[in-house]
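Presented sequentially are two complexes of chain A, the first with chain B as partner and the second with chain C.
Let's look at the complex of A and B:
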């Protein structure tokens, strides 16, 4: 493995270690989405009786893609928060002095986000399965859903990292938490797109997460009518490429002004 | 030293944290608004189900989001106290010749005052977007009583967690406690439409009754009446008494 590859791997492992050694970080990324899933699945399952609601075997499995994407959003945001903490407490300056490519520092952080998101999605799928969710898409559908969520997490991680690099402010990153939910709620995360409120239905096509969450739903249910996997992949990849480029530009700008 | 001035000074100090730190209230205010708009946009069609007591889902969700905002403002009291404990400021207060409960009454009063901001912003945004104030002034009073009472309970919960763990790292636990209490209730749908385990949990969750108290303001099917009011008041009294006892026990333990 090349030296830069080892750097990316080491930084990715460090990002994951930090996540798992601080329980207060695990709570929002692993527990909060599951709690919301449990409440939504039980609290709104009567919605299956609405006219126009797709015929699905398990309501829990229908709303699960919203939880998976929520997890991806939180994994990405956590990555930005951790980077802001590194900047504020001086660790990032020490990394900058290391004889490695600067872009490896961004990609290394993103590698940690990728790993965290994959673990999260697998955990959510397993817990939901234990509580009765079934995935007609089989193992292939589950793996593809995990991969889509991981690419999305990189996309959000890139955005959060760009903000962290631009501002270097931990408190700012912590306070953008509610805005992450704007992205989630303007996509058909827990309800079919046709049954969303009219204003939300009009906004949803402009949110890349719409295509990702529908694709995850289609993959898990093995029903392309619920979501096109290719559209989801395209949206997730475009988001990840665009925001990683933004983060790299923000890093260059930071180095220029140092 | 008499009791009232001490509580008032500590109340004013906790308010200064908001007045002097720019944007301190912004996340706590925006989060419930985002949740309100998102949830009503996602699940708005649920009002078409038989048994739903209003045809406006926004009217159903506004009181929930007001309580959520008030609850988070209350839990923040615990986070601030944990910070004071960690940084040694609270130790200096403990040696002051004042009764221990006064040291937390001030910050809780501050939390209650702060909670009026998110609760009012949520209500104004909700009404501007089409929620109906079907309960008039009595309903509005019921909503604010519910918010103030719930904020007090959340504040006592936060204090209990702060004096127990004595670290700011317990902050997420304080917030999650409020989150759980609010959502394990009739948050999204009325009791008749709940399915599975949540149906049983919501029935025994006191927040279900606090929500019923608050929903007298905006839900046409829950008109202001004594029958919709007393269970909520009883639930708030019980929650504050139980959590207050826990907080005081924790405070006494700090002395040892």
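Let's look at the complex of A and C:
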């Protein structure tokens, strides 16, 4: 492995391990999505009987992709929050004073986000399985769903990191938290796109998460009619590449104007 | 390329202007020889930290040139980063990580891996007396322990030049003493140390040379002794047992220095200025004894770097006396 690769790995390892030592980051990323899943799975299961609702064996398995993508959103956001904290409390200066490529500092943070999202998705899949969800897509479908969520987390993490690098403000990042739910509920996270309210249905095609959550659903249910994996992959990769580039530019701008 | 004959730090006409036209550093010139401890002394807001941030590549200069270990801080920033160790003000250490984890991570940032990285972390923990605490989270460390860890982190890659920005601010005297010993020991190993401080005692104790900065400009520079000599010689305050012996005392001491005019409010006191300072105590007592003058006490008051600061700027250092 190259020297920069080891730097990325070290920074990713640090980002991930610190995540598990900070309750205020761990609770929203692992517990909150499961709480919402429990509410939706138990409180809205009657939706399964609506005309136009896809024929699925398990309602829990149908809504689980929404939880997985919520986890990815929160993983990305907490990554930005942690970066803003590093900037505000001076730890980022320690990294900047080291002889490493500036882009490695962004990619290292993203590596931690990737790891966190994969652990989250695996955890959500296991918990839902324990409560009766089944995945006809098998292990391959699950792995692909986990990978898709991880790429999405990188996309959101890139955006949050760009904001952190641009502003250096921890409180601003924390105030963005409610927007996670706007993004989530303007995508067919828990209901089929056709059954969304007309206004949401009109917005959904412009939300990249729509394609990702539908793709995860299609992969887990082994039903391309529920979501096209390639469309989901394209949306997630485009989001990740664009926002990581944005974060890198934000870092360059930050260093230029120091 | 750096070589052993080039200055460890060379600064010419350095300027840093912030928004609103505020000049934190205003035409700074400095030169540090390899292997010296340079104390950068000044009050809060004098431009010490801004200068260090420029020299450690964390801030770009508005004008001027700065070279560290022979490398330009703007054009060869990466080479500078490989040559320096930095412990910034208010040790920025992730409280959720352990000391050993931080040292391992710092090692990875400097290209160390595997067994050598583990060994270096253990070595440095031992060096700064944190072996027992190495696997505890830094959040539970005391201020002194954090500073020592910060110093260890700056040493992971054996830097040529070590920048310490107010390393003992807020520390108790024991922790301060421990850190001073470590800095001296590092310097004995050949590391050039650039130390900023607002404590004159720290500068006097540690630095081979001291630069005094005020309003972003270097206002005085030299060895602590030379700087103090600029503002005057040490004064010996002699307290006599009998006020009636004052005249005899003045006759006895006439050849040993410059006698200060008598103070009618303190008839038992005689003041003598002598460049010999503490070295003049024995001759003074002998001379007084020969003239049958009984002495209660002799005290030597030397000029301080605060006196130097006051002489060149007209104001006093905020930390004057705080480190005592």
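Throughout what follows, the second predicted complex is superposed on the first by the 258 of 258 C-alpha atoms of A that agree within 3 Å, B and C clash if a C-alpha of one lies under 4 Å from a C-alpha of the other, contacts with A are read in each partner's own complex, and residues count from 1 in each chain.
In this section, contacts are C-beta pairs under 8 Å (C-beta built on N, C-alpha and C of every residue); 3 or more make two chains touch, one makes a residue touch a chain.
Everything numeric in this text was worked out from a predicted model, so none of it was measured.
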First (chain B), second (chain C), both or neither touched by A:175: first
Touching partner for A:3 - first (chain B), second (chain C), both, neither: second
Touched partner set for A:98, first chain B, second chain C, both or neither: second
Which superposed partner A:246 touches (first chain B, second chain C, both, neither): neither
Touched partner set for A:50, first chain B, second chain C, both or neither: first
Touched partner set for A:233, first chain B, second chain C, both or neither: neither
Touched partner set for A:16, first chain B, second chain C, both or neither: neither
Partner with the higher number of touched chain A residues, chain C or chain B: B
Chain A positions touched by chain B in one structure and by chain C in the second: 22
Chain B residues touching chain A - in the complex, by the definition given at the top: 23, 26-27, 30-31, 34-35, 37-46, 48-49, 169, 171-173, 176, 179-180, 183-184, 187-189, 193-199
Partner chain A, residues of chain C touching it in the complex: 56-60, 78-79, 81-82, 84, 86, 88, 90, 92-94, 96-97, 101, 104-106, 108-111, 113, 137, 153
Chain B partner contacts - residues on chain A that touch it in the complex: 22-24, 27-28, 31-32, 35-36, 38-40, 42-47, 49-51, 174-175, 177-179, 181-182, 184-186, 188-191, 195-197, 199-200
Residues of chain A that touch chain C when the two form their complex: 3, 6-7, 9-11, 13-14, 17-18, 21-22, 86, 89-91, 93-100, 256, 258
